[in-house]
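Working notes, beginning with the structure itself.
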Amino acid sequence: MIPDKIRHKDIDDEKLQRLVEAALFIADKPLSVQLLKRDFLIEYRVSNLRIRDIIIAIQADYKGRGVELNKVASGYRFQTPSDLSEDLAHLYQEKAPKYSRAILETLALIAYKQPITRGEIEDIRGVAVSSQIIKTLTDRHWIKTVGHKEVPGRPVLYASTQEFLDYFSLTSLDQLPTLMPITDIAN
Amino acid sequence: MSDPKTNLSSMSKEGPSPNAGVMVQQVLPFALLRGKAMVEKPQDLFIPPDALEVILEMFEGPLDLLLYLIRKQKFDILDLPIAPITTQYMTYVDLMKDIKLELAAEYLVMASILAEIKSRLLLPKQAVEEDEGDPRAELVRKLQEYEVIKNAAQNIDQLPRIDRDSFIAKVELAENFIPEVANTQVDLAELVAALQGVIKRTQAFEHHHIQKESLSTRERMAKIMATLKEAKNNQSYCDFSDLFTIKEGKQGVVVTFLAMLELIKESLITCIQTQVYGEIRVSLPKS
Amino acid sequence: MIPDKIRHKDIDDEKLQRLVEAALFIADKPLSVQLLKRDFLIEYRVSNLRIRDIIIAIQADYKGRGVELNKVASGYRFQTPSDLSEDLAHLYQEKAPKYSRAILETLALIAYKQPITRGEIEDIRGVAVSSQIIKTLTDRHWIKTVGHKEVPGRPVLYASTQEFLDYFSLTSLDQLPTLMPITDIAN
């Protein structure tokens, strides 16, 4: 398509800066100086140098604000500053997967039988407890190590935490539901 | 972009307006015929058959067509001249029928309404007015009501619109951005169910059902160990008496004592008395 | 469920302004004060009034620039000012859909006369309303059903949505253009 709109109109710095700023904000990809000229400034007579100066001016304007103008491989684009990433992460909460039965059983055993070693958990569950399970529960601040059991190998002892109680709105472990005697469960 | 489209938009803005008045219908190109915009409807009502279908599509229905005829001839809606309007309307309808255009039923219904109004207006004036008032009233009201909406639709079309008059600003996230993973929600019932599952599968709990007392003892055991672990970093032991909280009363003291006995039995803690009747020091076993 | 991240940390005005600015730029919809609080500021102790003041400060900052912070029905969003539309539009012309008179008239009736049934729309327009028109308007989230009219057949009642207002940069139905007056036929 031959652009029939090329007019080579003059444009003052203020308008040029507004136009470049708007273009960078609405484009769905980074914009190079060439792209800016071709897609947004085709009607105006502007040198590459002038566009570059305008970009530098915009970059200075946005220093220390909520967004910043960065140069990436294919051009310039507005991005959020990296120091805000943590705060902005909340919006994009990914829904976490449900915990596996292994995790829940391990947690239950630690809660009800604390302090307890990994070996003891494995004995009761009859299967190995992966390090990932312990890590998940530790990262969640629901379990902690409280010492070592004085048996060969001195295995770590696990117990539940205050945060565990807080999460389940319990004031103490006493409030954990009393389990039915095993004979009842069997029925 | 194709040429006719460009023509269309420029015609709609600058093309000659055949009629006065504020209605926008007239300034729209009337039809596209072989790529040329027809801005003016032929005065003599001769419509090239090719264009008829397009013309019909220009109208949103019989009310729209009637409004066009009224406005075009600068008639006043309130003083609707039924006779000429009906004649013109019927000419259109007959033309459309002639070329066997599939005519929307609404156009025929309107034709019969017009015919009925016309015939009632021919009745002696007195009888009509006393009975039901002006037979045109209902049609006039409908035309007015439709014109209001037609106008409102044109106004909405002029409102600033996203991607036409205004563009949404958006920015990318920083490279170091990692979406937060929400914490998995766990229900207390799930936890109980999990333990019950374990119990079902194992005999480990067979002889010692978990009960309230043992629980608080176990909790205290964990607490003592945590206290001692902390102490280990400073002075490596705790005074026996420091492990009791007087405020908890007799029951608390008993629970703590039972917990300590259990811990000693399991060799999880050691107790040392450095002098007779002296303070008992409790510590984690030396590694 | 109460998020377990609520910490009620303090935040100074400068950081708050940066965070709100960034949030408004990365959100894919307009953000209300409530949404800002819930999705971006959950860790902080901030009053609605303070957020509103910050928004006013940001609006002032962006006056006369390439983008402006506007209030629409469902919240605040950054968009390009109308005086730049001509310069920006030519690249995006194909993106803006054109709507037929049938669609616009149906939309106008729903917007101005809501809640309204399809039969009532057909009555006023004098022609049938095709299902395609209703579908287009529903797909665009401009109209929604709000119940049934208690007449024989219990026809569905339609009303306009916040997205409709957002799209046309309106904050409320009050801002719709005034209807042309009807001359009374009584005389």
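Going in written order, the chains are labelled A, B and C, and every chain counts its residues from 1.
Throughout what follows, contacts are C-beta pairs under 8 Å (C-beta built on N, C-alpha and C of every residue); 3 or more make two chains touch, one makes a residue touch a chain.
Predicted model only: the values in this text are computed from it and were never measured.
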| item | value |
| --- | --- |
| Greatest separation from subunit C - chain, by CA centre | A |
| Highest C-beta pair count, chain pair | A-B |
| Most centrally placed chain - per-chain CA mean versus overall CA mean | B |
| Computed distance of Cα centres, subunit C from subunit B, in Å | 10 |
| Intercentroid distance (Cα basis), subunit B paired with subunit A, Å | 26 |
| Interface hub residues of subunit C, defined as touching at least two other chains | 4, 22, 25-26, 67, 78, 80-81, 88, 92 |
| Subunit B: positions in contact with at least two other chains | 167-173, 183 |
| Residue ranges of subunit B touching subunit C (in the complex, touch as defined) | 60-64, 77-78, 104, 106, 110, 134, 137, 140-142, 144-173, 183, 185 |
| Subunit A partner contacts - residues on subunit C that touch it in the complex | 4-5, 17-27, 39-40, 42-43, 64-67, 78, 80-81, 84, 87-88, 90-92 |
| Of subunit B, residues touching subunit A in the complex | 1, 167-184, 186, 188, 190-202, 204-206, 209-212, 215-216, 218-219, 221-222, 225-226, 228-229, 266-268, 284-285, 287 |
| Contacting residues of subunit C [partner subunit B, same complex] | 1, 4, 22, 25-26, 28, 67, 77-82, 85, 88-89, 92-93, 95-96, 99, 101-102, 104-105, 107-109, 111-112, 124-128, 167-170, 176-177, 179-180, 182-183, 185 |
